[in-house]
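The structures considered in this document are given below.
Paired with chain B in one complex and with chain C in the other, chain A is shared by the two complexes that follow.
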Partner chain A sequence: MATYQLDITKEHCPMTFVKTKVELSKLSGGDILEVNLLKGEPLDNVPRSAAEQGHEVLKISQVEEDVYQVIIKKK
Partner chain B sequence: MEGRTTKKMSLIVFSGSFDKLVAAFTLATGAAAVNYEVNIFFTFWGLNAIKKKEGRSFIGNGFLARFFNFLMGGRKNVPLSRMNFCGASPRLMSSLMKKRNVATLNELYQAAKELKINLYACEMSMHILGLTLKDFDKEVKEVLGVPRFLEYSEGGDRIFI
Partner chain C sequence: MIMNEQQIERYSRHIILSNVGVEGQEKILDGKVLIIGAGGLGSPAALYLAAAGVGTIGIIDGDVVDRTNLQRQVIHFTPDIGKPKVISAKEKIELMNPDVKVNAYQDLVVASNISEYISEYDFIIDGTDNFPTKFLINDACVLNGKAFSHGGIIRFSGQTLTYTPGNTCYRCVFHEPPPKGSVPSCSQAGVLGAIAGMLGTIQAAEALKYLTGTGELLTNRLYYFDTLKNNYRTIDVKRSDDCPVCGKHPTISELQDIEMPACDLKQL
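And now, the complex of A and B:
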């Protein structure tokens, strides 16, 4: 099990969840992906779409005023 | 790709203009990323988006077809549907998109391939333009007619662009 980072704070729709999905597809089951993203549309949709795909959203925390970190465990 | 796929969206991409292709690929990649099964059926002008040769090239079978394909070009030549200004506007638009960190047409196209979106080419348009499957990117899965497209898109949303 390994931990990987992805920064999508500079991305916009649809690349926010496109990059998350592509990155998750490269990982092995049980790997952790820490995604840094902005509040608003990315924060609303990235954890939700990851959960819909069967991955586990372990934690969502605020790291800066507008930046959040979502920790996803690949199924 | 992983995950259970229960939702489906199929796009008929008729337009070969830059802005409409950006719209089509934005919708397609966004849907694929949230676990939709996505089919794109490229027809007529839309075929320019999936040509192996990204620029102008004499491809196709027969003199007229080769000339016409040269005029139409590929993904790098697609014009803006309005205010094209002899091809200057798509370049300006792409640089603006990069500057604003919005995915360009080429980035969206590469993402579509990474997301394993199903890309199909229209048999009838290919016949007119003298094109074969080998004139398109290897990710283009199949050449389809209307009945097969209807079969593949059955049970999902169908969108014409």
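And now, the complex of A and C:
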């Protein structure tokens, strides 16, 4: 199981989740994707959308004042 | 095929869909759809398939654009009058989406050429408005194992059925063309332009679902709608053992042209 990183702090909806999905599509099942994103809309939507599409959200943590990290395990 | 950044943006609404995603969009970009007739049904079908990024779109039509087409054939514009429809359609698609390769065939499908035309495509859209050609498309697709979408419109109503090998074909339901003159053509009966848009767009959606393997197709079901009374329904249609082309003892094993008056050759 490999771990990958993605920074979508410069993206806006819906490209935040689009970029996450594109990155997840390159991974194998069980791989981990650590996504850095802004609080607010991206933090509200990206983990929810990932979970809706069957991936597992393992952890959400604050890394800077406005930046959070969401750890997603690919289904 | 790996998408570039512009493609990821362009197709973002498809990529978000859980049933399409990156993999589905890549299938669309690799997909090949043939549209027979660049008229009322073919116009919206071509526009939506082009917008969706279908990698190769073939369009067959022998006609040129005339003023009476413009009320519903939305891929053609007023300055296109006199231009071959396939050229007019190709120009619009290329402006809309450079990802799409358009093969424009200024021709009519007949028994002797249809198998070769359809052989290069994954899915066929019937956008014709005459019964002989509809039956020819059905028979060619059945005999060559190709999936296609049947579509027909008149006045305020439309019907569509999707064929995939092994399922109910158009001839299972409507054995043979009706006698000449018994059913009015669109040019005689009229058609609300928006109906062409509704039906052609359903056909485009079926093509995209087929390419991506998403959901249930309109196989073994005929979708019929009448917008005058706002009735929309699907009717279960079974394979017929007596079908002349896909039944137990088929009588059609090779394609034949059915005679038709020249005035019926015009596309919708």
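Assume the second predicted complex is superposed on the first by the 75 of 75 C-alpha atoms of A that agree within 3 Å, B and C clash if a C-alpha of one lies under 4 Å from a C-alpha of the other, contacts with A are read in each partner's own complex, and residues count from 1 in each chain.
To be clear about the criterion, contacts are C-beta pairs under 8 Å (C-beta built on N, C-alpha and C of every residue); 3 or more make two chains touch, one makes a residue touch a chain.
What you see is a predicted model; the values in this text were computed from it and never measured.
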{"item": "Simultaneous placement of chain C and chain B on chain A, clash or fit", "value": "clash"}
{"item": "Partner chain in contact with A:39 - chain B first, chain C second, else both or neither", "value": "neither"}
{"item": "Comparison of chain B and chain C by chain A residues contacted", "value": "B"}
{"item": "Contacts of A:15 with chain B and chain C, given as first, second, both or neither", "value": "both"}
{"item": "Touching partner for A:53 - first (chain B), second (chain C), both, neither", "value": "both"}
{"item": "Location of chain C clashes with chain B - one stretch out of 110-118, 200-208, 218-226 or 254-262", "value": "200-208"}
{"item": "Set intersection of chain A contacts, chain C complex versus chain B complex", "value": "14-15, 17-18, 21-22, 25, 49, 52-54"}
{"item": "Chain A - residues contacting chain B, complex", "value": "10-15, 17-18, 20-22, 24-25, 45, 49, 52-54, 75"}
{"item": "Chain A - residues contacting chain C, complex", "value": "14-15, 17-19, 21-22, 25, 49, 52-54"}
{"item": "Residue ranges of chain C in contact with chain A within the complex", "value": "3, 8-9, 12-13, 15-16, 18, 21-23"}
{"item": "List of chain B residues in touch with chain A within their complex", "value": "1-4, 26, 29-30, 32-35, 100-103, 107-108, 111, 114-115"}
